[in-house]
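After this come two complexes, each holding chain A, first together with chain B and then together with chain C.
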Partner chain A sequence: MEGDGGSEIKQWCLSQVKGAIDDDVTEADIISAVEFNHSGELLATGDRGGRIVIFQQEQESKTLAHSRGEYNVYSTFQSHEPEFDYLKSLEIEEKINKIRWLPQKNAAHFLLSTNDKTIKLWKISERDKRPEGYNLKEEDGRYKDPTSVTTLRVPVFQPMDLMVEASPRRVYANAHTYHINSISVNSDNETYLSADDLRINLWHLDFTDRSFNIVDIKPTNMEELTEVITASEFHPLQCNTFVYGSSKGSVRLCDMRAAALCDQHSKLFEEPEDPSARSFFSEIISSVSDVKFSHSGRYMMTRDYLTIKIWDLNMESQPVETYQVHEYLRSKLCSLYENDCIFDKFECCWSHDDSEVMTGSYNNFFRMFGRDGQAGVTLEASWESSSPRCPLRPWRVCAGSRRKEDEIGVDCLDFSRKILHTSWHPQDGIIAMATVNNLYIFQEKLN
Partner chain B sequence: MAGADGDDSLYPIAVLIDELRNEDVQLRLNSIKKLSTIALALGVERTRTELLPFLTDTIYDEDEVLLALAEQLGNFTMLVGGPEYVHCLLPPLESLATVEETVVRDKAVESLRKISHEHSPVDLEVHFEPLVKRLASGDWFTSRTSACGLFSVCYPRVSSTVKAEIRQHFRNLCSDDTPMVRRAAASKLGEFAKVLELEYVKSDIISLFTALASDEQDSVRLLAVEACVSIATLLPQEDLETLVMPTLRQAAEDKSWRVRYMVADKFSELQKAVGPEITKNDLVPAFQNLLKDCEAEVRAAAANKVKEFCENLPEDSRETIIMTHILPCVKELVSDTNQHVKSALASVIMGLSTILGKDNTIEHLLPLFLAQLKDECPEVRLNIISNLDCVNEVIGIRQLSQSLLPAIVELAEDAKWRVRLAIIEYMPLLAGQLGVEFFDEKLNSLCMAWLVDHVYAIREAATCNLTKLVEKFGAEWAQNTIVPKVLGMANDPNYLHRMTTLFCINALSEACGQEITTKHMLPVVLKMSNDQVANVRFNVAKSLQKIGPVLDSNCLQTEVKPVLEKLAADQDIDVKYFAQEAISVLALA
Partner chain C sequence: MSCSLKRKLQSEDEDEKEPKVVAILADPHPAYSLQRETVLQLSLQKLCSHVETALVRRVLITNTLRSIQQELSQQGALIMTQTHSGATEVSWGAGVGTEGSLTPAWVLEQDGELLFSLHSSIPAHSASSINRSSPKDSFSTALSEIEDLCPTLTVAASSTPFSTSLSVAQPDLQCSSNKNGRLSFPAVEMSEKEAQIHTGSNGPCDSAHLSSSIFLPELSLDDFLFSDIDNFLCDLNPCGPNPGLAQGSSSSKVVSMVTDDLLRSLTNQPFKTDLNELDHIMEVLVGS
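Let's look at the complex of A and B:
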């Protein structure tokens, strides 16, 4: 590992690549959401075509002692369809913006999926029996002569091949004027929040006809608008606490116990700006693209364009840790602004034990940071340059023209290949991420 | 059993059974709703051995089908062979009690509770109680939440060893990992406490109650408030102070407004449960705090309870408490910043006058009423006006009339038609209390103005209002004050107003009686049969049909009949239709 963070950094191996591997990618196949469920047994992806694909982890096989179970397709269904809002003359894309799993309540699994406007609750359940036996029909559907019925027959359930069904259970619509960017399930297991650019609503899972507005930052005069909500999440343990990040780089923590409307935040996490580093791009690159609580609930991680910041909930004035994701892009902001890449919203995630964090970058690179050391490691999601069960080779991005084998110049980075969506197995060393239309799954190397 | 001719009677049942698995939900639902017919045809034996096993596996169906099934099974005892076999119903209900849909689970629990009474004591221990235990220790929280509702029905009827087990299970569920289960347990705590022996209420329930009331989840703590009412009712007065009050005090000051809201919402029940002494010492200050709470939702809930709380205060100290502790808070609420709070207060504040009596009302409450009558929010003013009767009994409405009138006039002309509609509905009440003179002088013109409102709903309500006024003030008053004005509108250039004349006549003829109708109204109606607007003409026909029964037969023949005959030959198809209808209804053909 060439001194790249010390011996604590673990080694990762490519486990699986899902999706077609060719250059001809249709828009609808681009993955827009990746999310493990609470046990890690299931992994859901959503795409721009409104589809959701769920993968299930196979039981560990005895022959491959050093590999954990692989993920195979469990269920595929169309979650959202394109719609047209006739009142506003607006197309509503079917693109899945976020997927969130509910804690498991019975043998079935439930998830919330959302596009820009409408949130849906899906039930994914298994069926392995079906009823057989009619009175007036043969099993093949031919009708019998009614006069031949001399005794009544009650149908009997017989075993059949396992079938996985996804059925829509609730549709939570018409509550958002702007585009929904986040959904998050409360630890009370009965409510969730949904956030758009200017408002956050609180829903009860059982009721689709009402939601409560808990944050509204819409100014009376839209010309005075200076800040929008970019991400929001509930605290994993305290049911009354949630945070939301803004386009100005601050994160507000609200306590729902204090008042019904949480316009007054109880904490404001904001790092004072360095006046010497101020530029035209300062505000754009400080915009919070993702906010995630640690599993313990003690810390909170925010991702902005160039960094990951980790905040202790008890300290608002500055982050306790800051990790540079791709500092080398600071000199390229102008061209990144011109090709709109500067507005990319990268997600970030915590490892199962909160000891590491991960986020994506360009050129199909992703960055892992151990929380004890400062320097992270840059790895690449590529099926061409990695072989199964071989540890991934770390990359180094450098400015100069002379390179070693494991180095790449800033100018050679491919900005069309980016890893925006990432998820970490909640209990294990398995990570999943989306490159354009492929889902990559990596496993920590077991020793 | 079935011969060659048995087919006819079997056929409909065969269809019902087949439709249990039809692709169309409506047909499945239909079959489930006729489950008793199917069971009857199958007989008790086959119902037990074939139908129930099939139904046990049907849990994949749509919620509405499962809901209907859960309900049906609660009434199935006789169809499986009576109480001796009632336990056969447990397996399907058990599987329904674990589905994710709350309404279905609740219905399954309801049916289980119902059939538990049909179990013999032995069956209860052999079949029912094991089911409760299975649900209580189930892997998924759906089954554990369902178990919470079943403890109280079997506890009184089982042996003391089993009772101990049940208490243990309930304790476990109260400290379950998932908030869903703790919520279910908290909501059944009161019910379970009621069937427990007093010693266990003190030893078990109180500690569970205390734990749930300080749960980390707001949604659990607020349910403990409800349990507080039942528990307080069960305990002897001397134990309340030590066992219940610390928790209740804590809930009233909870950090979460939702918990405080719950306390405010349940305040009257709590007050009754803890009795007068504790009310005086503890609840009065608590109530004051709730009325001053920083969250408007809490203040509104507390404001709603002001009257009930004051009413239930112990008589000996009621007036002092209200005057020194409650009234100052109420005064502040009158000028609250939140209109829901003011409006909640306005809906009950008038009730205080009966409790405080004439002098106090005039001195202390009247200024508040008057302030609320001038409130900027129409809902507040409406709520005051709608409760005028309470004040009327105590001090007479005259005290208020000075301020009342501007308030009414303003509401009567409010830009929102729903506000206008609401005030119209109080007109008969106001008229009755203010008396005919005051009414003629001040309000009559308003009632007439509504007749030409540009919103139909208002014109319609105004018409209806006139009828009620005539019922109150009599036909003579009608003839002198409103009939001339109504008839005057028959010449209005706006045909909608001319139609209003007809609608008023329809409504008033009966109340005014034959003489006024024949002499004053009928000529106008007949004249309008020449109106150039067809809508007016066919409404003439409809009016004639309506007022016909009030007229005498001579008048019908000589005056009404020719006009209807003329209308029946009208060029407009609707006019013809209604004229012919009137002719046949009045038997004039």
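Let's look at the complex of A and C:
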């Protein structure tokens, strides 16, 4: 394994693969969102067909020591349907762009899911009992003739097979002219933000007929548009603070106490461009594809095309750490521009204790970086070359087209197989990520 | 005349593996120019494709195009800017202070001839690019003109050159589709008589209402975002065998501006645009 001998080197094992194993991938099955809930018990995935599948972790297995429970399908439902905007003659895709869980308040689970235009609040609840013994209804639901009732009884709850129901509790629609790229639940658990290319709106979870616009970067003259919003998130602890990343590689931190419309940022995080690395694609590869606060709220991570940057919120001038995700692609940017891969938006995530960060790459590789100075490691999400409970072997990418064990040439990489969506268990060493249509779950090997 | 020129270029470059030949004799960074041209062409293709593209992509591609165009213009090309009042002012790039003319009148009178531009400062490394060979499609034609370091005009094809007007470089002018056979770039427009004004001895054209600018920065983003892209750029046809004749609804020609004085001074010959002449000029410049 790579890394110094200093800190404990973590090893990862393939735990599960969900989804069809064959190569026959329908467009609708392509996973477009992956998200653990706040306890890690539930794992939600969204796909391009507008469906959400929720997996639930089993209780910790008693037979296998040091093994965490497996994730099994808990609920499947159709979240969004395709719509047609008649005014613009455009189809609105049902693809799920983001899923965000609400912290659990009662027995039911709530999540927000969004496509390009509409956000929905879903309630996922269990039903394992049902009332029996109605006076006016038969068991199959038919109504009795009231005159035939001679005695009264109190209905009682009887156990039944567990049924998981998902019901849409709110539909937040018609607030976004452009495509929604982010949603983020506030720490006050009452409000959330939704961001599209040019605007960010603040919602109250209870009200669907109004939202407040808090950021608007649309120029009066659209010809002057040179920058769009690409990602946005609320601070995990300060309910007045949020950030948004832009296509020019900058991140703005805004304080909602300062003004109703937060067009003036409170902080601007921007790293000066390295003139020696300038190319035609400098701006495109600097575009922020994801921004995530650390759990502590002290740091913020941004993902652009080639790097991960960790920012200290107290220092705007430059990141405190920069990790090269796949620097070997820098010489291939022209080809990646041609095949549009340069526009791929990779997500990134923090470990539960903020000591590691993880992000996806091409060829079904994903990268993990320890923040304590360990070198990054490249692992592969592949059900063919991994066996459960066997630690993943790291890969190296070299120049040219060599391919041998544990090493692969840049020219052999498969750019159609990419890991864009990743999520880290909030409390444990479990990571989930989506390849094109499979969900991979890896567990940290406990020694 | 130009058709034979075109064919000649075509045949010359047929053997080239790379259809887009950067025939810059003195360019020390041909790879860079080649990549720039590739990126330029890719960007235009992406923007003009009929597939609906996300706003963020369109913005990024447009910004890339703009930066390339700025780079090209900063390499010393003649830049003309249109002020709000409509008067034209001339600015020279790359610190070249030569008082040059704009397109000489006789040039404009050429019947559909393709002209080649020379960099006004002609430092060793910034030679002009000879018109690209064998444009396989309209994009190549457009791009080859863009690649010329001097600004280009687009001229609607018609039986007499410049008898029809082009569309003006108004910054907020929307791209308009030409129903009557003219190609219009929003950036470039000149009225018929204005085109006749330029001579070598005139100074920077106060009187020349010729305005041409490298059209990309003048493009309204709305052209790509909101307008009907079909009629924009995609209607370019390669210069046909008779570029001087009206070729239907969407043929176009491109005229490059040359610096008359400069050429005269270099070649000491009556200025004549001819590929052979240009080769000779280039040889003189390069000193080969």
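To be clear about the criterion, the second predicted complex is superposed on the first by the 415 of 447 C-alpha atoms of A that agree within 3 Å, B and C clash if a C-alpha of one lies under 4 Å from a C-alpha of the other, contacts with A are read in each partner's own complex, and residues count from 1 in each chain.
In the analysis below, a contact is a pair of C-beta atoms (placed from the backbone, for glycine too) under 8 Å apart; a residue touches a chain by one contact, two chains touch by 3 or more.
Remember, predicted model here, so these are calculated numbers, not experimental data.
Once the two complexes are overlaid on the shared chain, A:Ser331 sits clear of chain B and of chain C alike. For chain A, the partner that touches more of its residues is B, with chain B and chain C as the two candidates. Shared-chain residue A:Thr150: touches chain B; no touch with chain C. In the superposed model, A:Phe343 lies in contact with chain C only, and not with chain B. In the superposed pair of complexes, A:Asn240 makes contact with chain B only, with no contact to chain C. Of the two partner chains placed around the shared chain by superposition, chain C is the only one that A:Val228 touches, whereas chain B remains out of contact.
Using the contact criterion defined above for the overlaid structures, shared-chain residue A:Lys137 touches chain B, although it does not reach chain C.
Residue ranges on chain C touching chain A, taken from their complex, read 35-36, 38-39, 42, 46, 52, 54-57, 59-60, 62-64, 67-68, 171-172, 220-222, 225-226. Of all the residues in chain A, the ones that touch chain C in their complex are 90, 178-179, 197-198, 221-228, 230, 247, 280-281, 283-284, 287, 334, 337-338, 340, 343. For chain B in complex with chain A, the residues that touch the partner chain are 1-2, 6-7, 10-11, 13-15, 17-18, 20-21, 41-42, 46, 50-51, 53-54, 57, 60, 98-100, 102, 140-143, 178-180, 183, 216-219, 254-258, 294-297.
Against chain B, in their complex, chain A makes its touches with residues 103-108, 110, 123, 125, 127, 129, 131, 134-137, 146-157, 187-190, 206, 237-240, 256-260.
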